[in-house]
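The same subunit A turns up in both complexes below, where it pairs with subunit B and then with subunit C.
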Partner chain A sequence: MSGYWIGLITILSINVIFAYGIFLAVATGQLNLGGAGFQALGAYAAAYLAMEMDQPLFVTIASGMIVAGVIGFAISFPILRLKGVYLVLGTFAFAEVVAGLILNSDALGGATGLPVPTFIDWDVPAIAAVIVAVGVFWLMSTRFGLVVRSVHDDEVVADLMGVNVRMVRVCAFALGAALAGLSGALYAHAYSFVEIQVFNASLSIYVLLYVLLGGAQTAWGPLFGAAFFTLLPEALRDTLPALKEAVFGALGIEGAATPPDESWRFVILGVATVLMMIFRPEGLITRTMVERLRPLNRAPRAARAEAAE
Partner chain B sequence: MLLLQQIANGLMLGSVYVTVAVAFTLTISILNFLNFTIPTLFMLAGMVGWSLAFWGLPFGISGPLPWPLALAGGVVVAIVASLIVERFTFRYLKTRYGDSTEHAIPLVSSLGFLLILENLVRIEHGSDAQRFPGPSADLTLSLAGIHLRVPQVVSLAVVVLLVLGLVWMMKSSRIGRMLRAIAENPDAAGILGIETRRVVPVVFMLTGMLCGLAGALFAVNYGEVSPQMGEDIGSKAIAGMVVGGLGSLWGAVAGGVIIGLIEMMTIHWAGADTVQATVWGALLITLLIRPQGLFGHHAIGKGKL
Partner chain C sequence: MSEAWLETEALDVTYGRTHAVRGVSLTVGEGEIVAVLGANGAGKTSLLRALQGAVKPSGGTIRFMGRDLTNAGSAERVRSGMMLVPEGRQIFVSMTVHENLLMGGHLRRDQSAVEKDIKAVYERFPNLAERRDMKATVLSGGEQQMLAVGRALIGRPKLMMLDEPSLGLSPLFVEKLFSLIQELNGEGLSILLVEQNTHMALEIASRAYVLELGRVTLQGAAADLAADAALAEAYLGAEPA
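Take a look at the complex of A and B:
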């Protein structure tokens, strides 16, 4: 495989894991706009252990996950008392505080960042992404998944039915934080370098958009959203210049068309977001859509059709 | 004396935050909507103002404009952009009740607009900071040994007048009463004959105007504009709004000033790198200990409009 595809698969796997981390919180109705903070925690924990203590790979990655998970668990108790806009602001503030603290920490390299000695190829993130995806699909099919859905749809009724709403939210939030930390640890090893400027507010925004645009009702949503919006810029890298040339050609403008600005890809992401919120605010992949496509449901319908004959 | 000077600087810095924080708090209190386009509108006014002053009107209609006219143009563009945002974040949205992430729909839309507007400006003008050809920022005024820059004092006065006008409007004018009725209960307001669709754009117009003025004041005060200038101001304004209390105009004023002071004190004692941690720490602590802030209401965020 060429370096281009290796890079693409690596970032795709990391984004998928990251998106699942945010998805778990969003699936219980908690918008987590602090994803970059948890990813930074995982990345720096892994980088620090690898750099300063020479720990082997699986220790650093596991501890990146655990550090983010434990901090997510600890912070979830006070932070999940907040609702709606306040929760969004609280998680956002958390990410900024994490970034601010790391920026001022000499042990973690401050503004210059930390090099990471152990390098991983594309296979580790890819395997991790598959495991995480399968795990989340399984989790959503269990009783816990059902409870998560009930809390998302109506917390009062869920509470009346005996669901421990608070505990479900805390668990989902902490597990999501751990997954975000895992994606950070993988990032640290795959890119051999961490710097806090990468884990900025835009990253938190993008990953939340992946989840919400893909759809937070089923585990297919974040997978699709992360894949689509990671691959879309790559696809546009070739099609946009061609498109521009075609437009210029049609308008009869002569001369060498300079390749369009990189920023156009973000404009397109923004336009997609606005249109999605108007036409399909529940995300691209919804529960009804998945159920309609599932072969298991088709079988009884076929049987019924036969019985009718 | 140095400390007093820093406090004066903090107050001046706070005045820009106050204007943007008031814009944030206005949309939250009336529409329960955290409008992430606000920092972008602020940036848009500054960048368009610069562009008009440096290049002039597009398509060669005119040469470079004098700076007050250019800034006025920037403010107008910010208002128009804000009204476009209103169309796509509020007017055309399907709302269903009962879903706990439903309040996020306009918020997510506004994140989309943030990406669109910021990157369009980047495509047009590049990412570099530009020098704004405004009045000299060196005009200083000495008061008992404290140096104040004249444009800053003027903008502080403008901000105070603006907030006073806004408070009067919300309290006593017809449109203000309509807006408060919508904030209280949009359905009941509709039954009582308030045309929500006609009145809501007023909020966005005010938002655009406040952000535009803040951007213009920033350009005059600091003599520099860039496509990134909204991010920092926006985050400080959000912090100020939360510390003061969501939905309270005077809270936003107090919060903006407090954040300005915290920032200056942090720089004074701990250095500029610590600012991010202290400002957002103040926000986080406020949210955890007293979510309603200094002057906020408890009712915010309970599912309106």
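Take a look at the complex of A and C:
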């Protein structure tokens, strides 16, 4: 495999895990705009343990996950008291605080960042992404998944059924934070270097977009959202110059085949985002769509119900 | 009167400076249908919210089956056998009919018995059985109300509380609903029925309370209340008897 594809699979895997981390909070009706903060916690925990304490890979990655998860659990109690746009701002502020603390910490390298000695190839993030995806699909099919959906649908009625709404939200938020931390730890080792500027506000926005535009109703959504928004800019990298050449050729303009500005990719990405918000407000992959694509599943179920009569 | 299952004493509910429920004492006995009547804003829903633990009462006590549940959470009340069917047929919109029913058994650990109870609900409501794998939002208003009642039944309640169940239903479905309530009552379920449909509620209830501005202003046997001139004037439009 070429370096390009290795890089692409690595970042795709990290983004998928990251998106599932945010998905778990969003699935209970909580918008988490602090993704970059949790990812930074995981990345720096792994980097510090690898660099300063010579810890092996499985320790650093597990620690990245645990540190982000524990901090997510701790802050979820005050932060989940906020609702709606205030929760969005609260999580956003949390990420800014994390970034500020790391930027001003000498032990964590401040603005220069930390090198990470242990390098991982694309296979570790890819395997982790598969495990996380399967795990989240499984989780959403359990009773806990059903409860998560009930809290999202109507927290008052969920409470009437005896659901501990607060605990469900705290668990989903903390577990999501741990996954974001895992994605950060993998990032640290895959790129051999962490600097806090990477974990910025637009990263938090992007990962929330993966989830919201991919669809937060089923576990398919974050998978498609992360894949779409990771691969689309890459696809545009090749097709955009070709498109420009074709347009210029048709207009009879000669010799203007300089590659178009990088930023055009993001313009197109932005337009795609707006169009998706207009035409698929529930996300690219909705529950109705998943159910319609599963006729095989319904037939045996109906047969089973008849046999039970 | 048989032994009281649900018993509130001098119950107060306040929201800030609003005194929604003032010193309400009521009982629901084993196998009784008790109606709580009153106009909009009389405190009926606040009373139910306090009974189900969604708001903490600012005074008074709530006892059920001999246990003090005044400060208990919703889960503890469901476990001890109280189940509320909320106003407006609040079903879970992302879920299928079947998944909605499963949520009714959220606190139960005996999965095979839950499945059995769900089967019994399907037998009671064949319309729900036909649509078990469809989204609950495709059901008609009346069917959604049946689903809400069915979901509550999966929690195996001893006392079912219904908040304005006839609201927005067609007259035909209201008839069906009230005969369903009687049927469930006949199977041993105690019922606390909060209604604005005074006529119908008094027809099936054995006793009733009338709330006005958070206070119980009238109480007694449903038959007596139905004949009461004051109630007739306030809620029945003072029709000649």
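Here is the rule we go by: the second predicted complex is superposed on the first by the 295 of 309 C-alpha atoms of A that agree within 3 Å, B and C clash if a C-alpha of one lies under 4 Å from a C-alpha of the other, contacts with A are read in each partner's own complex, and residues count from 1 in each chain.
Going forward, a contact is a pair of C-beta atoms (placed from the backbone, for glycine too) under 8 Å apart; a residue touches a chain by one contact, two chains touch by 3 or more.
This is a predicted model, so every value here is computed, not measured.
Q: Clash or fit: what happens to subunit B and subunit C when subunit A is overlaid?
A: Because the two structures are overlaid on the shared chain, the partners are seen to fit without clashing.
Q: Mind working out whether A:M161 is in touch with subunit B, subunit C, both or neither, as first, second, both or neither?
A: In the superposed model, A:M161 contacts subunit C only, not subunit B.
Q: Quick one: is A:E234 in contact with subunit B, with subunit C, with both, or with neither? Answer first, second, both or neither.
A: neither
Q: According to the stated criteria, A:E245 is in contact with first (subunit B), second (subunit C), both, or neither; which is it?
A: Neither: A:E245 stays clear of subunit B and subunit C.
Q: Figure out whether A:G29 sits in contact with subunit B (first) or subunit C (second), or with both, or with neither.
A: first
Q: Quick test of understanding: once the structures are aligned on A, what is the angle at the Cα centre of subunit A formed with subunit B and subunit C, as a multiple of 10 degrees?
A: In the superposed arrangement it comes to 90 degrees.
Q: Is A:H152 touching the first partner subunit B, the second partner subunit C, both, or neither of them?
A: Touch status of A:H152: both partners.
Q: Which partner chains sit in contact with A:T288 here, subunit B, subunit C, both or neither? Use first/second/both/neither.
A: The second partner, subunit C, only.
Q: Working from the superposed arrangement, determine the closest approach of subunit B to subunit C, counting only CA atoms, in whole Å.
A: Comparing every C-alpha of subunit B with every C-alpha of subunit C, the smallest gap is 9 Å.
Q: Overlap of the subunit B and subunit C footprints on subunit A, residue-wise?
A: Common to the two interfaces on subunit A: residues 152-154.
Q: Considering the complex alone, what residue numbers of subunit A touch subunit C?
A: Going by the criterion above, the answer is residues 143, 146-147, 149-150, 152-154, 156-164, 217, 287-288, 298, 301-302, 305, 308.
Q: Hey, which residues of subunit B end up touching subunit A in the complex?
A: 28, 32, 34, 88-89, 92-94, 98-109, 111-116, 118-120, 122-123, 231, 235, 238-239, 242, 246, 273-278, 280-281, 283-284, 287-288, 291, 300-303
Q: Quick one: in the complex, what on subunit A touches subunit B?
A: Residue list for subunit A touching subunit B: 26, 29, 31, 78-79, 81-86, 88-90, 92-94, 96-97, 99-101, 103-104, 110-111, 151-155, 201, 205, 208-209, 212, 216, 260-261, 263-264, 266-267, 269-274, 277-278, 281.
Q: What does subunit C use to touch subunit A in their complex?
A: Residue positions touching the partner: 52, 54, 73-75, 77-79, 83-84, 86, 90-95, 99, 102-104, 106-107, 119, 129, 132-133, 135, 151, 155.
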